[in-house]
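Structures are listed in the sections that come next.
Heads up, the next two complexes both have chain A, just with different partners, chain B and then chain C.
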Partner chain A sequence: MEHTKHIWRVGILVIVAITGFVFFRVLLIPPSYGIRGSYRYDNVAEQMAIEPRHGEVRGCNECHDERVDELRAGPHENVACENCHAPLSTHVKDDEKEWDMSVNKTGEWCVRCHLFLPARPKSHPQIDPVEHLVKVGVKQVGRDWSDVVCFKCHEPHDPTPEDEDTVASGIDGNAK
Partner chain B sequence: MPILVPEHTGFLFPNDLHVSWSLMIVMYPYITGLVAGAFIVSSLYHVFGSERFAPVGRLSLGASFCFLIFATAPLLNHLGHPERAFNIMITPNFRSAMAGFGILYNTYMLILALEIWFVWRQDIILIARHSRGIKRQFYKLLALGVYDISAEALAHDRKATRILASIGIPAACALHGYVGFLFGALKSNPWWSTPLMPIVFLFSAVVSGIAALIIMYMISMKITGRSISDECVDGLSKMLWAFLIVTLTLEILEIVTLAYEAAEEWQIISSLLFSKLSLEYVGLQMMMGGFVPLILLAIIVLMSPTPPIRNTLALISSLLLLVQVFAMRWNVVIGGQLFSKSLRGFRDGYQPSFFEREGVLAAVLILLAPFAATLVFARVLPLFDYIDKQAQTRRPGPGEQQVPLTSE
Partner chain C sequence: MSKLKNITEITEEARQEAEREGRRDFLFRLAGLTIGGVFVNILGSGLLRGEAEGADDVTPTPASGRQGQVTNLPPKGYNWEDHLYAYLIDTTKCIGCGMCVRACKNENDVPDGFYRTWIEEYLIATNDHGDFDVQVFSPNGGLFGFQASQSPLAVSKGFFVPKMCNHCDNTPCTQVCPVGASYQTKDGVVLVDKEQCIGCGYCIQACPYGSRFLDPVSHTASKCTWCYHRITRGLRPACVAACPTGTRVFGDLKRTDDPVLVALSKTRVQVLQPNLLTKPRCYYVGLDLEVR
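Take a look at the complex of A and B:
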């Protein structure tokens, strides 16, 4: 057909673009993709090869059994050490203490579990942080509440405070 | 420390507290919808030969293309890892509703780009012939090096345009219906999960597209000092009215069905629409954005007012309809996340802040981007009568046959 040169050219361009996409797509698909599903199967082996960073409570027990027993006797019995402390691998190397253990003491960390949420069971102690701090007599409740303020009344290994009055007002958030 | 618990009433699950699909997910169907609407108008001219739409034939294609380029921008801005977006094209997992998006989007983009090329080919060649240096090389490249604008070649172009536009109509419908499907196929949410959703999305998309086109057409005529084509605005208004009737009917039918069935979800949906979203739904989507333009457009269609009044009414209706469709997207996307999956509680509203990544400013910029792109587009490929002007100034070269220089 005459006068169709431009159509041929654009047609070839489209074919080149589509072929190019198909070609590059083949190059871009990871080799192990799709062996067991829509994911890169090699990734499973890669994940398995990663050294575990956490040691679970057994890792702590060997040196800190008193602290672990103390924790087990209180309401935080189901909270793993490494939830607030750093992973074991940042503290121990080849079964020997290598570095100091760090710990997250911020109120922000505490309210990850103890912030009042409508969906949490009523039996679980929950607070509205500001309201709670006002109730227990903290005068200035500003941005600083998230520092180590919770630790002033609660010892995290055995968090029930000694002062019964504080306890009563402290868990008032449950009433909601 | 900001307040950590969002305001709420009733019973919510923990994961109901957050509106994860932000303002950006409202923008996504909105901009995609403008594509579909503008394209339908261009098809009426290119496929069905409605001469009254000739003045917006090119504008609608150009605008559609520019909207399409930015249709994914809100999604990419929403993603934490936008570079991973390409994975749905490289390794699509068809168990995910989103997997088809890459295929539909790119197919439609290809059809639209080809159609634009065929429609503007004659202009490209004429510009190439009348320019020098880099500009000439650029247009020569755009013309793929073929300068054939003989009557036969142009006839082939018209045929190709018609074929592409007719493939483009189902492609545009599929692209936008698909966006509705993304919501309609989410069975966990009773406000979204309805087979009607793709159709409602599609029709409101066409409404917003035509409305945007009317506004863009009037503004560009005003800026360039051209006169507004009465026939064109009249035709667009009539079409807008027709599509608006269908859209409103579908939107109301959906609610009427839900209300009459009065299944367990109706209690929460009714309080969502009529108390939580009373301004957005009843006020903006139904009254101000729905019924007011319906009446204004009815005046145009039934009473044939004088051109200045008709143009003003069409412009006001179009602006209101852009708000209506935006409100509809907002009420679907955000509304669907305001109530708990327990159907027993509400999160207390969602207000995007101005400067945040997915905030109001980002949304405004993303919405303005396609309009700016259309301006750039118009600089490269003239949206209006380039050929007519050339016809007045250009003489045929030696050995060159004078060809009828009609548009397309």
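Take a look at the complex of A and C:
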């Protein structure tokens, strides 16, 4: 029996190892890990709980339905309000207006969609801004169109010009 | 030295006997350890099951005490078994305005210089030999739109291709994650758990579409989530909501009247790099030979 001592030693070591393994496993693995697969299931709820910032048109419609209707009637019907304005979360807090809504009214912003590019589908209305301004008689120096007042002729919610003749009669783009 | 001497003195037969004895012992010990390991595993997972209350509840709800910064819980009763999301990109409609890239950045706080979705501009000219000269541009991922190109090519055709995470069914990226931080939800979205991610970057290398990046702020892998916080509330992803031309369409394949499902059944669609068998759930219309 004097040779069984080492077996007991190994036995104790094994028990210590198992206890340690279980202890650290419980300690290190997050509670919801492995419920649905090898990931932390709680993270799904965490991802879902992030607050959306863009309200889409239904958010805008709550207060500005007449503007939305106006937009829907014209060729910009599919342009999201938040493209030229800002995300809803910068304007509304807890369903109440909290901050003023910003809007981008520069010609640069119009040109972002309507600049002539060879990669754009031909059916999409595009202009060479310099050529276009010359054609409608707007004085503009150089190729910097950040200050061009496209709004003189085009109302962004319904951008088709009301009267082609008044457009062609000439407007000074630099006069404000 | 004496030990060595003894060993050399043992006869061949005796040494074989000793070896056999040792092997038997070793095998017994191995069996013991294996059984022990299995026991520990069962015990461990059993403990976990006991801890996680509501494991059978299909709606994901945060375990108590671990909510942290969670302020507004998603609508209760969302069942991810009822949805299978898919995405359609009609490149023939894309005007390259970059509103999607901008909306994505605003919605998800995407850091400067990194993109969860981006737009590529392809300019192609046929050369003398009937081959194609191709130039691809993506200035700032299309975040500020595109300017008139300075390409020297006599462009014969051009088009824009929006790109993003393809949310593959057979994902290479989640398979390589060593800590279980990247996973696939039951409704078909590939997500990254920021808390678990160690930022090793294996998934970034594994993605054949270049859709992942290492977030310079959190130092964890980041990617498109199809705006999981929006789609589970019934909203569209920010990029789809921002698209003025209908290039980007978001759908749920478990709905019979779904626009993506209709497009899949009625039109000819492609996926990026189908040879890799990743089974993307992001479908394209009007891709060209040069697009990978």
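As a convention for this text, the second predicted complex is superposed on the first by the 109 of 176 C-alpha atoms of A that agree within 3 Å, B and C clash if a C-alpha of one lies under 4 Å from a C-alpha of the other, contacts with A are read in each partner's own complex, and residues count from 1 in each chain.
Please note the rule applied: a contact is a pair of C-beta atoms (placed from the backbone, for glycine too) under 8 Å apart; a residue touches a chain by one contact, two chains touch by 3 or more.
Everything quoted here is computed from the prediction, not taken from an experiment.
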item	value
Touching partner for A:V14 - first (chain B), second (chain C), both, neither	both
Chain B versus chain C as contact partner of A:I29, first or second or both or neither	both
Contact breadth on chain A, by residue count: chain C or chain B	C
First, second, both or neither for A:H6, with chain B first and chain C second	first
First (chain B), second (chain C), both or neither touched by A:L115	both
Which of chain B and chain C A:S38 touches, first, second, both or neither	both
Set intersection of chain A contacts, chain C complex versus chain B complex	14, 25, 29, 33-34, 38, 115-120
Residue ranges of chain C in contact with chain A within the complex	32-33, 36, 39-40, 43-45, 47-48, 51-52, 55, 60-63, 66, 70-74, 78, 80, 92-99, 102-103, 106-107, 121-123, 144-149, 155, 158-160, 180-186, 191, 193, 195-196, 225, 227-230, 232-233, 235-236, 238, 241-246
Contact footprint of chain B on chain A as seen in their complex	2-7, 9-10, 13-14, 17, 25, 28-29, 33-34, 38, 108, 111, 115-120, 128-130, 143, 145-146
In the complex, chain B residues that touch chain A	1, 3-5, 8, 11-14, 17, 89-91, 93, 95, 110, 114, 117, 121, 143-146, 148, 150, 152-153, 156, 160, 345
Residues of chain A touching chain C in the complex	14, 18, 21-22, 25-26, 29-54, 56, 76, 78-80, 82-83, 87, 112-113, 115-121, 124
